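As written, the chain order gives the labels A, B, C and D, with residue 1 at the start of each chain.
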């Protein structure tokens, strides 16, 4: 326990975090590529077809829609957790993490909306349906964009960090409220319960879970890339950053 | 990065008055101040000098607790200023560059509000109004109590802000550029009142562009490059 | 999946399926390239600032406490 | 302490009444546009009434947010308040005063708008105006509380006019859904206590979290 605690503290040091993420990144990318290759083989080639209502191949869209939607939620929750860590323990690197999740999270939200809409056309016959999940996803996109806009509106970084951290926390309290409100509103205006319930048939599970795992890792890799840039951005004047930048330049000229 | 262990460590602070320990202040990536130590003892006047943009105001705002330092702690009578027992915010009057008065309220209403906010109901309203008239008369703007703040000239508005120092009991004054744009008479008044406050054991920190001839200081502090 | 033809046209839903995958690729690749560029340009910036003579760089500031003259 | 703050708010607002009247005027004017744009027929207007009145109320609350902390922030009195009292109590008194000055007038004016939107058309014995007022009475404080959080977050930001709207409109959606559907349920002669209860629950949640969050955000903005 004490060890874990110490490690958590070390992560608060920009230099340590930058070095560690540098070591992890190739491994994460490797695993991502393998999982995605397998996942894409299954989802684009080997997956069985959806027998219902002659929808056939449209089920393939699910294999990116579901991971994107899951990551959009997980991303926002992760942002809020990091925001709490930052505000409570005054850990500056946590704010860098919050800021780094936002673009990837917003991208996932956008993809969930886009694929949902493209999936909706052949299945429901319309590009947009005010279905509970799609509506919540749309509001989630607004929350992400609001976060990014707020963070970009301050000239002082520490203010930007703290204010947008509070917004992330307020937003995460609201996500379930928004979701259940929209769901309730949706059943009121019934007829649009398009997302059928019921367990996923086992033959769809293998491609879906592989794609889920692959997309999670891809998300993590993107967040880490952004985080590394953010760490440098925030520590431009530290000696170790200068050493990192110049050491590499020397190596290049030697080659 | 303050680690948890060092934050829980209780250090024995020997100094009365205001004491800043290992203070690091930065704005975005610019470190304005690093590992600063500053002690403002009771019954002393400290003059904070330096050009604009050197972090004077940031240091001052840090000492009022409004700006969170990146590192370091500030103690008031040996207790961290945010500790409820330190009573720091009861004891502090901070006059910022902005005058903090509402245009929509009269002078008397503005001053009454701050006095009541600080003292609660303990300040008898009749006494308070009498005190306000007295201070305004001393400042040469007697009889203007009922005027809206917005109707005053800049110089008069400044005087109203200074009047707070006489109306609210305090043990420490932190004043941002109090002497700027003051006429000769009011400068003398403020210097005399500051010395009086010091004689009662008060702590004073003020900034200024120039040396103030009327006010002998005990300590000079400047932010300097290294 | 039985043939390349089916793979490309996906029944009659080829456009839907492929546009979803393509958009995902474009967006995520865009992020990848953007983040890479960001780190690279920051590195360049730090390098060029490191070349500056040391007196042009920002200095740390200390508090100087003195007695009045 | 809170009563001192509250008294001051009300006094300042009384001398600055025009700034508070404008959002109210906006509320009325926006609603009165609908008959021109859609149709002056009573059944049609009645069907639109809950949504239109609620959206107009929401927008009017958004407009009046500018009055919230802005002038105190600019003239420096906000930092004095934060020095002398706890951030949460500053937020509580500000929010309460703001609701008294902007939310409550909306509630009081809403019967007039119900009239314009023919809310009681075809009903002899049931008065939907009361339901409308009740829903606004429970909903507008929540809008105020959320607005306070958004406003205190954007005080020190460089561009803030529209930014605050972008931040908080998604958070307003649940209140809008249940506020409007309370009135709709009443119009359809359905029970609406469930909706009112949920509006009340939102208000409770907001009362617990929003003043604290707003207070924290104020400290950040001032620092």
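Just so we're on the same page, a contact is a pair of C-beta atoms (placed from the backbone, for glycine too) under 8 Å apart; a residue touches a chain by one contact, two chains touch by 3 or more.
The UniProt protein names, listed by chain, are A = Heme exporter protein C; C = Heme exporter protein D; D = Heme exporter protein B.
In this text the structure is predicted, and so the values were computed from the model without any measurement.
Counting C-beta pairs in contact across A-D and across A-B gives the higher total for A-D.
Once the centre of each chain is set as its mean CA position, chain A (Heme exporter protein C) and chain D (Heme exporter protein B) turn out to be 33 Å apart. Between the CA-based centres of chain A (Heme exporter protein C) and chain B the separation comes to 47 Å, rounded to the whole angstrom. Centre to centre, using the average C-alpha position, chain B and chain C (Heme exporter protein D) are separated by 45 Å. Each chain gets one centre point, the mean of its Cα atoms, and the points for chain A (Heme exporter protein C) and chain C (Heme exporter protein D) are 15 Å apart. Residue positions 223 of chain D (Heme exporter protein B) are each in touch with at least two other chains. Chain contacts: chain B has residues 31, 68 touching two or more partner chains.
The set of chain C (Heme exporter protein D) residues touching two or more other chains comprises 58.
All chain pairs in contact, by the document's touch criterion: A-B, A-C, A-D, B-C, B-D. Those residues of chain D (Heme exporter protein B) that touch chain A (Heme exporter protein C) in the shared complex are 149, 153-154, 156-160, 163, 166-167, 169-171, 173-174, 177-178, 181, 202, 205, 209, 213, 216-217, 220-221, 223. Within the complex formed with chain B, the chain C (Heme exporter protein D) residues making contact are 58-68. Residue ranges on chain B touching chain D (Heme exporter protein B), taken from their complex, read 61, 64-68, 89, 92, 94, 96-105, 109, 113-114, 116-118, 120. Listed in rising order, the residues of chain A (Heme exporter protein C) touching chain D (Heme exporter protein B) in the complex are 87, 139, 142-143, 145-146, 149-150, 153-156, 159, 162-164, 166-167, 169-171, 173-174, 177-178, 181-182, 184-185, 188.
Interface residues of chain B facing chain C (Heme exporter protein D) in the complex, by the touch rule stated above, are 23, 30-38, 47, 54-55, 59, 216-226.
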